[in-house]
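These notes are about the structure you will find just below.
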Amino acid sequence: MSVFVDASTRLVVQGITGRDGAFHARQMVAYGTRVVAGVTPGKGGQEFDGAVPVFDTVVEAIAATGANTSVIYVPARFAADAVFEAAEAGIRCIVCITEGIPVLEMTRVYAYVKEHGARLIGPNCPGLITPGAAKVGIIPGQICSPGPVGVVSRSGTLTYEVVYQLTRAGIGQSTCVGIGGDPIVGTSFIDCLAAFQEDPATTAVVMIGEIGGTDEQQAAKFVATRMSKPVVGFVAGRTAPPGRRMGHAGAIISGSEGTAVEKIAAFEDAGIGVMQRPADVVPLLEARL
Amino acid sequence: MNLHEYQARALLSRAGIPVPPSEVASTPSEAKRAAERLGASRLVVKAQVHAGGRGKAGGVKLAESPEHAAQVAAQILGMTINGLTVRRVLISPAAEIESEAYAGVIVDRVSRSPVLMVSPAGGVDIEEVAATTPEKIFRIRVDVRFGLLSHQALGLALKLFDDVEIARSAADILRKLYRAFLDAGASLAEINPLVRTPRGEVVALDAKIVVDDNELERRPEIAALRDPAAEEPSEVEAREANLTYIKLDGEVGCVVNGAGLAMATMDLVKYYGGEPANFLDIGGSSSPEKVIGALRIITADPHVKAILFNIFGGITRCDDVANGIVAATRQFRVERPIVIRLTGTNEDKALEILSGVGMRALTDMDAAVRQAVALSRAGTGA
Amino acid sequence: MSVFVDASTRLVVQGITGRDGAFHARQMVAYGTRVVAGVTPGKGGQEFDGAVPVFDTVVEAIAATGANTSVIYVPARFAADAVFEAAEAGIRCIVCITEGIPVLEMTRVYAYVKEHGARLIGPNCPGLITPGAAKVGIIPGQICSPGPVGVVSRSGTLTYEVVYQLTRAGIGQSTCVGIGGDPIVGTSFIDCLAAFQEDPATTAVVMIGEIGGTDEQQAAKFVATRMSKPVVGFVAGRTAPPGRRMGHAGAIISGSEGTAVEKIAAFEDAGIGVMQRPADVVPLLEARL
Amino acid sequence: MNLHEYQARALLSRAGIPVPPSEVASTPSEAKRAAERLGASRLVVKAQVHAGGRGKAGGVKLAESPEHAAQVAAQILGMTINGLTVRRVLISPAAEIESEAYAGVIVDRVSRSPVLMVSPAGGVDIEEVAATTPEKIFRIRVDVRFGLLSHQALGLALKLFDDVEIARSAADILRKLYRAFLDAGASLAEINPLVRTPRGEVVALDAKIVVDDNELERRPEIAALRDPAAEEPSEVEAREANLTYIKLDGEVGCVVNGAGLAMATMDLVKYYGGEPANFLDIGGSSSPEKVIGALRIITADPHVKAILFNIFGGITRCDDVANGIVAATRQFRVERPIVIRLTGTNEDKALEILSGVGMRALTDMDAAVRQAVALSRAGTGA
């Protein structure tokens, strides 16, 4: 078991003929993900790597291949439209890797996706992986291993760091979800925590937050009131100055809101095991598993 | 991207919001001439820098004549506020104020929508109002599918002004503020104070707009408002090299791939007793050129005592980073110890490249950070 | 029984202090409609005719009076917003009398009203009346009488003409609904026919259409397939030239679409008794009641 | 309100749609100079009137030189098409055409949404395509809450052009067409033909925009495009008097309150063997002035043999109408028999007013129409 993606995932890659799309499509195929289709307007009828049919539109891809999940690698100025298209076509889980979508554009995208009953993960995220079953996005497969720990994070390489620590310590993962570093993302910490709480294969959760916004604070409340599984957490950006965008568009302390201090306090109040440094994940989890 | 007050005023004015006349000056004599043209008996001279608390810092002064305006401009120009040098002042007639309100639009992350906020307690820091008298803040979530509806704007405006005609003027301003917010691709647009004059007019006395950096590509006219002179030069250089770099005051220069890992690395420097000199993300698909650029910017910072690489190879290939480091050390003298942590994609190749030039690398983040901190404290060791 | 409005209707009049609003508010009160509130921004706290409290907003009116229905008499440039406000505030049945709302504005209004689960009648309509119970709008009460015939019409005075014929012949009405003469209206013929079909007090229906659009044609199909009650119908505009807007914004033959001939043919196909002239309503109905 | 082709082209061009250069001329010599400025070896000269089928009526001609352009302009100017006199021609270089498509936006009454339609069968009447080869028409409903999405535009454009680059150009035009449609407050905006040139460009060769009359109040710049010279003078006069009047060719002049009743009255005239001379709605809250204006316009029509009033008093007060009739007969000679039907609000007062000047009124619509028809056939009886 796992959350959001698994062996039943039938993936369409939007932007499969682009540089990033092609590279990661191959990585996903190599990992064993069922990449059933690609979409690039104007390239319909071609085959990617002689194996994956390419379509002009997501509607056509779904009709021909039964795709139920999409991953988006198109440039920022086309990415919002790619999400619109996937949602309109009926994709249930849309993973948007692309960074740089304007946040006002995302307000419309989010409303649209919600109306269509789809799940959006990202944008500006590394995607997600259910080790041994399906990798959708760019998380390196070799650092993951199957197991009982759910991982959810706003970050990319920091997630890899934590997952790497887990795998080296022999602690496998049920699903690792990168929810993205933008101010508006389709799937929040709470959405993932709720899914992990429901998932029988997950017995504990690692949550990796950062400065900016209040998603971690709300997640902490959710953990305190709605979760029975143990959670350990990290917050990046204790040393970040206020008012500066720390790489991620969403990683910014606005006025006095969104500091690491307040997030860590919320974690502690909620009984979440707080990692002082990434390496703490192993002892904290081992104490709880 | 922050806009200067004078730029934000111009955008609001273009959107049809009543904004008192004003001029921008970068010398005292320009200030004098501007004051003459404005022809008011009392004037306000305001520093144009990207910093809050300008008033408290002495960056806002009254003047009683054009000559006086030149004098106060001379005091303000060149002043340093929050580490930023004042290069321009805005000169405007002093307004007659009957009451001061606040109006602002932000993007709310929780509701994933723009939120329009107003408060009858204007002219002061809105965060302070929110903290001390939250009942004085009124807000509505704007459904982007339908936009700000007229009755919603009027409903908020009636929280500011009892008189319905004045409230209608304010509602009109709120609608135009929302429009300007959208048109600028802003993440924040605010008017503080929104002033009611004794004659019953409603005008915007100060304006602040923060533009979403992701909007700049499709809004060249907004991107052109960027004022590199108002930014840290090393950050301007970094942006031109496609690096995300933020200068801090510490001694450990950090080069990391990924924003979250970069923050975690800085935090770990601090955890082990050091001080990070910067945030620097070389991004996902790094090339050797980016590494060279990063090293060039960090070595230009005289406070840096040690340089720490923390690379977790995923899309980023460790060998690219290693090649960049080697190439940089050939192009210019780094003169600071470098601690390298590399793991992930092509880690083996990277180690080979580095050992070829006598450099070593670690694979553990904690070990690398501890070592870099120790070196930064030892001064220029090796 | 009746449709849409009855003795339980608690009405708020939007624009009650305007010339038209005030005039018709008095007429409605005189008819016995429960006019519980008025709304005019800036006039909150006043009383209309010393009896009806006036509020600044519909939200306040509902909170204070339990209004569940609204009627709108504000000028065209404020009317769409008045509908938005009523729907947002939770009014269930919104009757917009105002003429002159741009049709593109109405596309947004319709979407909004629908999302809020409200019913919009109009715009550019005379409103509706359940004789003896409630009058909402401008239909003259004295020409109506209670009885078993439901009337639905795109017109104003033409409806009066038909209702007048009915009343003179001793045939009363369950409810008379003027759906409005604009290209986009909130409530269609079909919506009204369905309501009359469900209404136990209605035993027959009179439908008064006109040129423009295909609402009558669709209504005819509905009558043929879903209605057991007899329907008689009229279509105004047999002599209307194509391409001209015949007073109502919606009364226009576009190309070859929307002619009286095709509508009458659809009525005949559906077994609807076709009135050649307004006066035919009585014999046609009498043959069917 | 219909726009002329040249006005619609200007709006599309302003929206960024590629439209070939063109000029407007109202005399042959202007046409010659325009042709010289355009500098093309082959030109098209097109009548600018609000009528379809201009080509078949001889209102579109080719010219091989500026002199020739002047000649054909002389033929077209002053021509009558569908009863409308041609006062202007549009002159444009003849385009090289590889294929002709159709693109249009309408407001769909059923879905209550704008609908974007395209067809690869362009250059002909789209209704004919819809009737004969409906499979060649592709349409999407636009959700106004989100607007026309890029992939939707591209999806339609790919129905027109296989080449994805050309389809992208067409999709861009579709988006701009939709934008222009919204900005003009249109109920219809179409490009027919949308042409692909041998060089792979996509351009709009002809444009049609119909503006929703209800939009004109808030769009003065569009309202200013109205060309009264292109309309029936009596209809212009009626509009200025706030009456809705449409001239027809019959003998029974109709004055009615309410659009539906007005149509039903015309229909009943026809039913009883007469021919209505007009549609005329004096509106809901009629004043005596409106009645006077209505009678003035109807009596100016020499075809009118009898005048029929059909008033169902609701908001309209019958006494107002009666007073208007009496006042009008005092102001000018009507010289045609008037049949009056009045019922409803203040009917009694109205009858009193009319009988005071020796006029009678009926209360039954059928009786009144029958009488008016009989009088119209009898010529000028009384």
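Here are some notes:
Which chain is which? They are A, B, C and D, in the order written, and residues in each are numbered from 1.
By our rule, a contact is a pair of C-beta atoms (placed from the backbone, for glycine too) under 8 Å apart; a residue touches a chain by one contact, two chains touch by 3 or more.
This one's a predicted model, so the numbers in the text were calculated from it and none came from an experiment.
With chains reduced to the mean position of their C-alpha atoms, the one farthest from chain A is D.
Work out the mean CA point of chain B and of chain D, and you get 54 Å between them. In terms of their C-alpha centroids, the spacing between chain A and chain C amounts to 51 Å. For chain A, the set of residues that touch two or more other chains comprises 108, 111.
In chain D, the residues that reach two or more other chains under the touch definition are 145-146. Taken as a graph of touching chains, this assembly has some other topology, since it is neither a line, a ring, a star nor fully connected. Listing the residues of chain A that touch chain D in their complex gives 41-43, 56-59, 78, 81-82, 84-85, 88, 108, 111-112. Across the complex, chain B meets chain A through its residues 107, 109-110, 112-114, 127, 131, 143-145, 182, 185, 187, 212-215, 217-218, 244, 246, 248, 256-264, 266-271, 276, 279, 281, 284-285, 312-316, 343-345, 365-366.
Contacts from chain B toward chain C in the complex involve residues 146, 149-152, 154-155, 158, 163-165, 167-168. Every residue of chain A that touches chain B in the complex is listed here, in rising order: 20, 23, 76-77, 100-104, 106-108, 110-111, 126, 138-140, 143, 153-161, 164, 181, 183-184, 208, 210-211, 213-215, 218, 234, 236-241, 244-251, 255-256, 260, 276-279.
Residues of chain B touching chain D in their complex: 145-146.
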